[in-house]
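Take a look at the following structure, please.
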Amino acid sequence: MSQQEALTPPPTVESFYKFVAEGKLMAVKCKKCGKIIAPPRPVCDGCLSRDLEWVQLKGEGELVTFTIIHVPPVQFASMAPYTVAVVKMDEGPKLPGIVKGVTQPDQLKIGMRMKVVFEPAPQQQTWPQWPRYYFEPA
Amino acid sequence: MSQQEALTPPPTVESFYKFVAEGKLMAVKCKKCGKIIAPPRPVCDGCLSRDLEWVQLKGEGELVTFTIIHVPPVQFASMAPYTVAVVKMDEGPKLPGIVKGVTQPDQLKIGMRMKVVFEPAPQQQTWPQWPRYYFEPA
Amino acid sequence: MISMSGKPLAAIVSAGLSKFGRREGLYGRELFLEAAGEAFDRCPNLDPRRDIKGVFVGHMGESYEHQGHTGPTISDWLGLTPTQGFRFESACASSSAALRCAVMAIASGLLDIVLVGGVEKMTHRTTPEVTEYLAMASDFPFEQWHGLTFPGLFALMATAHMHKYGTTEEQLAMVAVKNHKNASMNPKAQFQKVITLEDALKSRVIAWPLKLFDCSPITDGASCAILVKPELAKKFTDTPIYIIGSGGATDRLGVYARDDITSLLSAKVASQEAYKMAGVEPKDIDVAEVHDCFTIAEVILYEDLGFCPKGYGGKFIEEGQTHIGGKIPVNTSGGLKAKGHPVGATGVAQVYEIYLQLTGQAGPRQVSGAEIALTHNMGGSGASAFVHIYRRGD
Amino acid sequence: MISMSGKPLAAIVSAGLSKFGRREGLYGRELFLEAAGEAFDRCPNLDPRRDIKGVFVGHMGESYEHQGHTGPTISDWLGLTPTQGFRFESACASSSAALRCAVMAIASGLLDIVLVGGVEKMTHRTTPEVTEYLAMASDFPFEQWHGLTFPGLFALMATAHMHKYGTTEEQLAMVAVKNHKNASMNPKAQFQKVITLEDALKSRVIAWPLKLFDCSPITDGASCAILVKPELAKKFTDTPIYIIGSGGATDRLGVYARDDITSLLSAKVASQEAYKMAGVEPKDIDVAEVHDCFTIAEVILYEDLGFCPKGYGGKFIEEGQTHIGGKIPVNTSGGLKAKGHPVGATGVAQVYEIYLQLTGQAGPRQVSGAEIALTHNMGGSGASAFVHIYRRGD
């Protein structure tokens, strides 16, 4: 780790979701080794440098794997069955997310192109008040 | 620990509260060393014997210490301020419990006689569905 | 057999296990006493108050009973106050984390005799509640927040493994069939009935491609073992077993963040550490308990623990290599899948099975002549894992 | 001074602490990196990936962030995967449980360099939520179920102590005044202002006889220390401090169940073990951080740690004996009361203060010439406690 330059906003989970609320998928880029990291974190997981800058992801990538959830947690009960995928963004990072409009395995194929879409945050009284990003086939 | 004789009902927290629902304050007595134990447990905390029998406490004892709760947990919000005391029962065990009708420290005096009273269990949908016993000055 | 090159780190002189299943009206502290009582009864030379210097307990979730601070809770209910007590949490590997720290405590010379175990009381809660409490072991802001459950996380691995290696749903189902068969020979197991391949394949989808019979159940239970420094072992038993290897490792918390979603890095790294310490190789293992929280996990673990080549796990179960009588019997107890999975108790429950196997007390499921054994226990979706290797002590 | 009879068990070569207080928008994993970053910056010879063999983290409650499995979570965010990671939970003593196990890990020879720390993110939750999560450390079926809160449990001790020994509300308030004064000299403390005796006595009742200023606050924070085996210490620093005593003990989980409600058995037993190992006596301690979650706790601890006779704790603070410049300065950092109490982080935060004191870096609150120090950290209402004793290494 090298000494941290103060990054604004800080490279945190909370900042990530504030950007999602603005319709942006943001990562941090390590100024030392060049690695692009999402979710953002205060230390580069490539070289342990703390010298980072914000970069915006284009929001496109490739399907790595997926599942279709039939038995959901309480908060997702009304959505089931729903699909969650892991997508490798073109800039490098992999992210999980719900795939809109997919409930059957034959609607997806590993390796296919995917893109990010945004929806307004659900209204919640309690912590956390984060929005979600979603995926769809590109 | 010696081999356990099957005790019915088992010497557990759940059995204790089932007895409270019947208006009984029950302890277990160690058949080896004679210690009377409440809350009940499967092993004598005096001699580690597992050879126990149920005994009923008379429900009278002496005030050991107390507090008056002004900032309560969520579930007790409607009751505050309320008093919780530790009472040493005449048979030996000490038990904590809410003291009915006491909201000022000068209503109690360490060493004074106390007695147990019972009330029906609060209606609850979720676990646990235990009743409570209470104390009052004797 | 191998040369006995692994120096004993600690000796196990007794073990106990509660009945697994739905244990109505018994809480964690009471279940733990059932397991400890068996361990004490098996070891009459042990005077718990005089001898036990510490209580090391694995316990995953304080939400189940609204009760944390498990170290003193269990120490108190054992009647051992003021012995020192510790709670370890590494999700479903909590009691193996306890075991590894207990091994270090013994090896340090600071504590010579310790009780190690684990406990979880789960069945008094609803399935959605349990699903929520279990999910706390995964990455909240990215996995839980995007609707992933534990079956879902392992389903992500299954989809990828099937795609890359051609692993089939039938092969996964064969893991369930084997483990239910083994459990039918284990009176402490939650499930006592054999199942057919058809039963497994026709069960309802939980998280595609995983079905009900690919998943371990919700279980109440507790486990316990007595660890002593090797020089003291024969004071307590004629048939100690020795821990000769201990390894621990982590992986990225999020499955999404891992380089290879078809592999469990923590199992690889922890087992390599344990094998090296023990001076044994995978082919030397006579019997193993591995973390089959989902059938796909057992298949991947065959590979990452080195029992078979990478990508060959599906074929390995299909060939029957991990059945009792096969090349390397895996989960003779019935595993998490059929013995049950009271999460905090599972790691030391694996130890209990190995204790029975290496002391010749496993009854109809005994692996004859077993001398070297392995346990693998993982937390969550594999973000933590602990591997231990054991040798029969006689 | 004393003879240096305590053999070093482990050396502390660096330490770090996040700012304590309300840390909006930072979660546990991020707060932990703030503490670790300071520890790494202070120790340029340490290469975290090459050197650190294990991560030992104290974390009390998974409910705050819906996030357990803290060992791998922190290891991952540190960038140290696949290092082994452990979470320890012993309520408010969680990171001292981590410290004790880390000491055993070092002493065992299995791990030669480990990172130990603790973390809790609390202020994003409401006060009733925090009250509920904290209460999980007490006895659910008898204490929580009968309406006892943590202030309530310590109030039971206060009522009994006042009755038996004549301890007064003014004496309790003096503990708060002292600790706020010390915190005003600690830039990382949550509270930066001195208070008067009148402020403390006039604050609102929380659990009679305890008032707001008798209670520690809700705090976000993280703490970290680097432990190495003693032979390696000088490779990393010219000014190591050595851990020469380590003790742990439990008490009955329920306050109601204890023989003497005016005393903390776990503190007595754990400190006796630590003093004996270190070869020191209470009078040899130059500076101490003790667990002042409530003012009455600090008063009882003066007695049970042997700083003054039983029953004399109230008089001891009244005489100013524990002020900086007094016979034995206690909680120079401001203590839990005024530095803040992010529960899982507190134990190693005490270590951080001792590290500063014994390396002469405590600034305006420096105890001059400090050579021997003690930390006492308790879980819940004292059902667990850990005591460590340190010696300046130069």
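As written, the chains take the letters A, B, C and D, and residue 1 is the first residue of each chain.
Everything that follows uses one rule, which is that a contact is a pair of C-beta atoms (placed from the backbone, for glycine too) under 8 Å apart; a residue touches a chain by one contact, two chains touch by 3 or more.
Computed from a predicted model, the values in this text were never measured in an experiment.
Student: Under the touch criterion given at the top, what is the topological distance in steps from chain A to chain D?
Tutor: 1
Student: Could you work out how far the Cα centre of chain A sits from that of chain B, in whole Å?
Tutor: 52
Student: As a quick test, compute the distance in whole Å between the mean CA positions of chain C and chain D.
Tutor: 33
Student: Would you kindly tell me how far, in whole Å, the mean C-alpha position of chain C lies from that of chain B?
Tutor: Going by mean C-alpha positions, chain B sits 37 Å from chain C.
Student: Going by the touch rule set out above, which residues of chain C reach two or more other chains?
Tutor: Residue numbers touching two or more other chains: 27, 76, 81, 135, 141, 144, 257.
Student: Mind pulling the residue numbers of chain B that touch at least two other chains?
Tutor: 13, 128
Student: Go through the chains and record each pair that touches.
Tutor: Every pair of chains in contact is listed here: A-C, A-D, B-C, B-D, C-D.
Student: Under the touch definition given earlier, write down the residues of chain C that touch chain D in their complex.
Tutor: It is residues 27, 54-55, 59-63, 65-73, 75-76, 80-91, 97, 100-101, 103-111, 135-141, 144, 246, 248-253, 257, 265-266, 269-270, 379-380, 383-384 of chain C that touch chain D.
Student: Per the contact definition, I'd like the list of chain D residues that touch chain A in the complex.
Tutor: Chain D residues touching chain A: 25-27, 29-30, 33-34, 37, 40-41, 48-49, 76-79, 81, 124-125.
Student: Enumerate the contact residues on chain B facing chain C in the complex.
Tutor: Per the touch definition, chain B meets chain C at residues 1, 3-4, 10, 12-15, 41-46, 48, 50, 127-128.
Student: Considering the complex alone, what residue numbers of chain C touch chain A?
Tutor: 127-129, 131-132, 135, 141-149, 151-152, 155-160, 163, 204-210, 254-257, 261
Student: Along chain B, where are the residues that touch chain D in the complex?
Tutor: Touch list, chain B to chain D: 13, 16-17, 39, 64-74, 76-77, 79, 81-82, 84, 86, 94-98, 105, 110, 128, 130, 132.
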